[in-house]
Amino acid sequence: MSSDVSALQLVLSGDPALFAIVRLSLYVSLCAVALAAVIGIPLGAWIALTKFPGRQGVIVLLNALMGLPPVVVGLAVYLLLSRSGPLGKFGLLFTPGAMIIAQTVLVTPIIAALARQTIEDLWLEYRDELTAMNLGPLGRVAALIWDARFSLVTALLAGFGRAAAEVGAIIIVGGNINGFTRTMTTAVALETSKGDLPLAVGLGLVLIAIVIAVNALAWTARRAGERWAG
Amino acid sequence: MKMLTRRLVIAAAASFLFAGHAIAQDKSIVVASTTSTQDSGLFGHILPMFKARTGIDVKVVAQGTGQALDTARRGDADVVFVHAKPAEEKFLAEGFGVKRYPVMYNDFVLIGPKSDPAGVKGSKDIVAALGTIKAKGSDFISRGDKSGTHQAEINLWKVAGVDIGKDKGPWYKEIGQGMGAALNTASASNAYVLADRGTWLSFKNRGDLAIAVEGDKRLFNQYGVMLVSPEKHPSVKKDLGQQFIDWLVSAEGQKAIAGYKIGGEQLFYPNADDPGA
Amino acid sequence: MRAPSSELPIEFEGVTVASGSVTILDDVSLIFDGGAPTILIGPNGSGKSTLLRVAMGLLPPSRGRVTWGGRIDVPPLRRAIVFQRPVMLRRSAGANIRFALGAAGVPRADHVRRTGELLELVGLAPLADRAARRLSGGEQQRLALARALARDPAVLFLDEPTASLDPVATKAVEDIIRAVSARNIKVVMATHDLGEARRLAGDIVMLHRGRIVERGPAASFFDTPQSCEARAFLAGDLLI
């Protein structure tokens, strides 16, 4: 990416390097959110509906994990994926796959904790009806997750926000390799360290614009759904 | 039906994860190098030439010298390209590298505020200048990150008779980050900082900074390249890695390095033919 | 509709439900058996809702026991309950019924047909694709009835189903209840509307402060109440 040119000019001219970076950022963060949802929503639902010893402690821990420091997660995943580490033979370090893994670790507690809260609140309301229908645990979970879908979208957006904004984890496990693992946030970090602040600010604004666009899309979808479903 | 959908989603996700990995397996190597080679723009200039010649994708992970050598020790890189000869020789002695090839050198410059509070501007003696800075307690930014630049800085303090680890005061600020960050901090706090010329030339946020001291032979900064030992890490791509090294020290590679200029000024001087480098 | 089988008779043997120091049901013993609707009446707080929940199997007694068809711990396969404020699932009316059919184990192939039949029965056929949460109060109550009937119950419990409805909606619901009872489904319903009790009852069970104070066929209860509580209640006095 040429550094004598402002970020706006890059956007308007359709600079391929910039678009590759945007595409990678969205790819990594959206994959992470999808994986985190597949893991986190059922996990949150299960904790919401199941009584087991130490349940309150698990809930406190889950809420606390929402604040996992990204650099620490990055370091931990780095040590796991390094060739000298236990999962080294997959050769995932310094690839987008490693970045997705690190961000999934960061985002899953957010989605699980918010899902747990949402579904637990909903369970209070639905408990009698669902019990009277003689539903098993899977049936209850499925019914509650579907009925909670709008609130769960908000949880997913919170997770996406976290993933799209962070740099500490992905710069460690991705290596910020030009054309391969460089995302919007790592590009901002790099341009800042090179002293090209106008470009860094411009990239930052592009990133914010994209995050707003994603949120606006989800909001529109949610509104349309809610307007129908009442 | 829902179970099948869930399984499909997980399978799709897993394939996404590994797709990037699969593409990477085609003719590419990971080179652990320093922030100075990246930030100066050298790689942006020479790597496309290497790819055009061999079709090999060079993925540069830019870290400080200390971290780059550690990455290589762990087997997470195929080639390591840094500028701290003692550390590189230790790396070889430990058996992690195959052979060290000198590639090029550039020089360090002492950057400082135009107002020159320590009164060292224009000097050709870096050691005397550092001694003056310490005596006057002028603000000095150190990278503090075990990088090649940091190690060179520590050596220069030693030559000036200063054990900087013991004798530092509040005027000496270790930030633990790369060259760009150090220059940013120096610019913001009007302090002195030791930088490699390449990063300085491409640095845009100069503020009130300018070159204070340059040209002292002790400011020379030698770069060496090594293949990570396939005996220690069988996953190392030794053939592709050796191709990169061979190209760097070849006439074509050396010419490419010399051809990289910023504002008409050459940054790196190839010296692969100098056995003592 | 099948004849009631393993759910009836429902027998309460000395059932007490207490929560902390508060006794909600106090040593209640009675039997529900097939036939005309049994209506539970009594002032607010007398324990009608709790009795229905225990009979449905949602609430275990603190003391005593409940048997269904002579057995304890019978899962609610052929019982259903309609609450005063039913919870609508966030989907269409038809989808609500299909959900209930699925929960009751009805094979998928039958869902479309059964949903259509049930919507017809409760008069909601034109609203099949409307979001359930956007139905009126009366419509939601009728949908809840359809959901309950999707379980093909032998016994149908109703907890003050018309309490929040206007007279038109009330009549619609009462008509459905009459139709249901005519199909040999045992109806057990709580109400605080004496007129409704008169309209629907086969027999009356009156509760006061968690105890049964009187029970008997509707005619004799209304014409010749035996207990002073019943007499006071029918006269419109506040029963303390």
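General observations
Per-chain residue numbering starts at 1, and chain names A, B and C are given in the order in which the chains are listed.
Assume contacts are C-beta pairs under 8 Å (C-beta built on N, C-alpha and C of every residue); 3 or more make two chains touch, one makes a residue touch a chain.
Not measured: the values here are computed from a predicted model.
Ranked by how close its C-alpha mean sits to the mean of all protein C-alpha atoms, the top chain is A. The interface carrying the most C-beta pairs in contact is the one between chains A-B.
A straight line joining the Cα centres of subunit A and subunit B is 32 Å long. Centre-to-centre separation of subunit A and subunit C, using mean CA positions: 47 Å.
With each centre defined as the average position of its C-alpha atoms, the distance from subunit B to subunit C rounds to 79 Å. Shared interface positions of subunit B, defined as residues touching 2 or more other chains, are absent. Within the complex, the subunit C residues that touch subunit A are 53, 56, 58, 75-77, 80-81, 83, 86-87, 89-91, 99-100, 103-104, 131-134, 147, 151. By the touch criterion given at the top, residues 125-126, 128-129, 131-135, 139, 143, 146-147, 149, 228-230 of subunit A touch subunit C in their complex. For subunit B in complex with subunit A, the residues that touch the partner chain are 2, 6, 9-10, 13, 16-18, 20-21, 24-25, 30, 35, 39, 43-44, 59-62, 73-76, 177-181, 183-184, 187, 199, 202-206, 233, 235.
The residues of subunit A lying in touch with subunit B in their complex are 3, 27, 31, 34-35, 38, 82-85, 88-97, 100-101, 142, 175-178, 180, 192-197.
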